[in-house]
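Chains: A, B, C and D, in written order; residue numbering restarts at 1 for each.
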């Protein structure tokens, strides 16, 4: 006999047997599990001479890379499975986890398939990692991409265009196609299509969280790490169209927005643990590297590179890595909560992640002022124990459930 | 970037230059304390890439929160301040300078001389070489609600300054920073006055470089790390571009010259270090809460520090940079770009190796501080690369800037000692004459 | 006979090695480190001296022909038994003393008979512990006696309606052993040996003759001419500062002497893990240690053993029986116990979890190793943890996997002594340079001739 | 008591004024059970308590035994309960009707034991957490110890074992100390070495224990303040029984409060209660009744029926 419970906690929709979404999720899961990057190898085999370029998780202009005929590959660290041996010998214990697993994988040859790496300026750790990369792999291309913190197009924009051209020229010199307006326009269009597909997925999570639990949405977005935008869009669209046919029923859960995981990713089981503790994650900042721009990029502009740069200046998502100059810290998060009709916010930042952790007190202040309940904890990508996190998330959902979201 | 730390100064007899520095600082803080009543405007900014000449040319008063934090550390106040900030929701994991500053603010903003610091009228966010700066001033902005002006200094990943980088900074100075400062000062920037200041900067810089290079002597007349942090006080902070700074470095230089003439080493907490058994180069900031204990670990083993990178965070003058009066904004851009932590790892490794060679060091030592990713991420690679390049062994410890919880004295002492004994043992290798393997070992009943 | 002594006062065990002036190892001794460092150092050294005398004795027995050779092993066991009985008596005395204190006034009438029953039983069954082929969970009195005491106490208190509170009874032992351990019992080798001989050597003319030889050996004068101490927390060691050497130097040198091709040494002790690179002369060229957290050191295994009521000896062999390695994430020593319990409750196999725990430790060690510069050709594993066969197996696999088949991996049955061996070598250096002669306090008062 | 045998569905009386509920706190070290009679969480009345240490037994077995012990005391059977709530390791209680998380239950339990409290400090075998609660027992702020186990019960237990002091005497003994010295290490393992050093310096056992209490207390005091609690705070969990810890916490709190007393907050008044160890179990039992009524009001007969189906 199964234990009676007042709440059905299973995060998976019922009716798994003939789940209309199974193929899409299966594909995403396969890509997620492909830590050896076999799919990138296959892509390269199918496109002789084309380059695959890795990049760290944030604000990387993937359409530019696509326009150069490259496959952009988002590098998200090693997750739970990778044993860290050499990685730890490069980083002290008080540095977050993602650079060590990235180094571990690189040293063990997993990234040999990548012809280069782009390190956008996320934080000092990634910045220094770019230098380490140059020392460790002197033969491979490694670019540090400085993102302007001045958002005036004639100042910061001008600098950023220089940066983009520099990288484009470097890559062309290494065998990528030359920068070409038509190709870039097409890449922007593909990116826009992908972004719209992600937006549809997000909308589905908000209306019918049981049809698309966060742990699945996570896999679906993550699938795009090593896919061209058009292909990723197709996968997402397929899922979104099939999802309404899924069976299942709503659960007595609370709705939360999760914030702080824009760079190092939590283990998938942590997301599942949160769901088991009674939280529907209806919005998040996971894997922002794949969705850094809000709204469409102007795909018909006469100068598409300038349009791409402008999109970063005006439509770049608010994250901790970006200087917010107006007195509205936290506004973006509160908007997100409202748009998602969430009951509260869960901060889940990677341990030792300076950008996220330095931001957090300011965001908390903003939430407290707005009367939005929140809770916070830290994780590492290879955490295996979720006891405390479950306790905390559980207490949070208990209190929202027993006493309502409002105070 | 330490200024003379008042009563926690080394037990050593004070030199004239030290007394002079103390007076300069005292006067500056007195000015700050009266800033509001005198109608003077206050600008908070950071040490690396600081625009002191520009600020003072407009008669604005600079405050450097990093220096306040490190002095709180030396005065043993930091633990309480950090606890205060953590209580307010700041994470255990982040830079303790920020938390120390926030805690100090929450406890009444009493500066190192016991006087209250004025609130900022402007936050000049010189974002150079450290990501935390950005968040730090976002946080202060929430507390003070005053305007912030951002100067984004691009990073030098390959040790090369491109025209685009320089242009980006000059654009920002011209269009955003200078106008904001002028607005605050209520007057136009007098560019000739600025040029004059830059000339004075260059004079002081010449003498400072002379002092650094004096460490090539044996024995070295200076300690380029522990004493070095006092030497950089004036030039990295509010005094660059002033006659005071010029005079200070002239005086310092004459004192060092006198020590060279007398064949003497620097003064340390353990007295004069004339008999120097080991010469070291140090990478990374010192620990401020146990500064003298830390120094003592080296001086008691007769180790002198001949050069350090920390004393270059506010400018690498010894590589040839001087402020140039002929191109005021351009030279400021070059200055910002050239700070030590704004350099890519390969350049930092080159620099360390250069110091080891130029100053004929027997080893190099890394103090890796938990707070500072800018410094610390990658130091383990630096350790190996510098060993490879120079053939001298490196030592490594972990501590923190101003959080006493992360200064495990016994553990650190054990490592420092093991490291220094290792250097000694390598020199005494001829003494190990015991046969490598002997067969007549006993497999006794009890083993 | 002249010799030099090296003592490695570790966080968990204290080791001593004695070299003759030719640099040959003539004695080793080990004991658990305890709250009184001086006593720990003295006991380790006494053990080493005892071993040294036994080796002299062995030679004498060999010369004495078949009977002598036959006596070698039984004599060793009997000697151990005598030592055990001496300490048991001390324990008994201490427990009596504690019971007289006012703190025990209320429970005295219940505790005293219970304790004395247990101690009587312990004395009676002591010879079984040292019988030929008997397995002991540890070599240290604290552990051997503790295990027996707890077992007997469990029997006694486990009975329904037993008025004796188990925790108090065991508390009494814990308290008493602390005091017993911090007192230095003078060890008179000759008379202990004589009593041991009485137990095993036949009472006939041949036996009598043998005993006479033994007395002679027992009285050979031994002179310690130089001393070096090393070990954890060197600041608090009970040795004169001139005689103290860094444990890094000592471990490197000891391992290098044992395997002279060694360029990399990994030492995992109770509270720290050290990776050391040495040059062709055994001089350290670089090293790395674990950071301030004790996670992943030998103590971790100690906690696990306690958690499972196993002896440290049993942990490795049990883990070797694993069918697969459970992935264990806690390297925090304290949480590892909780994770173990949690996983056991989930029905996972004990062996598999243990295998995972061993792997977790060795992974950490591998990173420290990588930090220190990795391994190029010959590598030696030292420290207490290399007594654990699973740890050795996992390490070997990881080393081969990460650095290649060509790496030679050494371990040695007395790897735990490498630090003490290096120290004794430095002492010999000192002696040869005329800098020896400085002895710690305890050594001046002990048995040396 | 066989919880897994199915029995016929019972009818649920939605207007029932009183509910008989149980709270089962399955901890890492001990199982605590509380049986309560309550009017939807109000007017709760304690019926029986029981606790057993797990030691090396199987958790499920201990849970069954402890529950049976409590039922025996109250002369109740499984079928008499309207709702059984687990807390702690809920998966180990197959016959639960619902589950509440530890912080929620400790908060509610504390409020039951001492209606004045505005905060809870729960210190168990492997964790410590500080809660700020509102008058309904809702958690409005909290702080927990992170990965590091230092400062928890298991640590104290190990030290007590090493010193040969039975756990129940630790508190008393510590209170007699006259001359203590804080243990510096932040790590539980390294702190053991500190303790060994203290013994070697001949320090009295009481002083050592007090030193440990003080160092744990320092950490706990920071935890309470960080959680934002003020006024009366109840110490709960296994270590609530340790008088020495209570006293040390008070000292630590006074010290920090004394230092910056100008802040206009109610000083923290740390309290204890003889049943404080049962706070979690009590809270679970009371919330069980609260939830029962909430569901009843919402007409969720399905869920209520499921809740009693085990009986």
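The rule is simple: contacts are C-beta pairs under 8 Å (C-beta built on N, C-alpha and C of every residue); 3 or more make two chains touch, one makes a residue touch a chain.
What you see is a predicted model; the values in this text were computed from it and never measured.
Undergrad: Counting C-beta pairs in contact, which comes out ahead: B-C or C-D?
TA: B-C
Undergrad: Please compute the C-alpha centroid of chain A, do the same for chain D, then give the distance between them in whole Å.
TA: 39
Undergrad: Compute the distance, rounded to whole Å, between the mean C-alpha positions of chain B and chain C.
TA: The answer is 47 Å.
Undergrad: Whole-Å distance, chain A centre to chain C centre, using C-alpha means?
TA: 52
Undergrad: For chain C, write out the residues touching at least two other chains, lowest number first.
TA: If we look for residues of chain C contacting two or more partner chains, we find 233, 291-293, 335, 371.
Undergrad: Spell out, as numbers or ranges, the residues of chain A touching 2 or more other chains.
TA: 89, 92-93, 378 - these are the residues of chain A that touch more than one other chain.
Undergrad: By residue number and range, which residues of chain B touch two or more other chains?
TA: Chain B, residues with two or more chain partners: 380, 398.
Undergrad: Considering only which chains touch which, how would you classify the arrangement: line, ring, star, complete or other?
TA: Topology of the interface graph: complete, with all chain pairs in contact.
Undergrad: Can you list the chain C residues touching chain B in their complex?
TA: So the residues of chain C touching chain B come out as 22-29, 47, 50-52, 54-55, 58, 72-73, 76, 79, 233-235, 245-249, 253, 256-258, 260, 279, 281-289, 291-292, 371, 373, 413-414, 417, 425, 428-429, 432-433.
Undergrad: Name, in rising order, each residue of chain B that touches chain A in their complex.
TA: 88-91, 93-95, 98, 125, 127, 130-132, 134-136, 138-139, 141-142, 145, 148, 150, 152, 154-155, 157-158, 162, 164-165, 167-168, 171-172, 175-176, 344-346, 348-349, 368, 370, 373-374, 376-381, 385, 398
Undergrad: Contact residues on chain A for chain B in the complex?
TA: 89-95, 99, 121, 123-125, 127-132, 134-136, 143-144, 146, 148-150, 152, 154-156, 158-159, 162-163, 166, 320-321, 323-325, 327, 329, 349, 351-355, 357-362, 364-365, 378
Undergrad: Help me check something: in the complex, which residues belonging to chain C touch chain A?
TA: Per the stated touch rule, the residues are 291, 293, 327-330, 335, 339, 342, 363-364, 366-371, 374, 398, 402.
Undergrad: Show me the residue ranges of chain D that touch chain B in the complex, using the header's touch definition.
TA: Residues 146, 186, 222, 225-226, 259-260.
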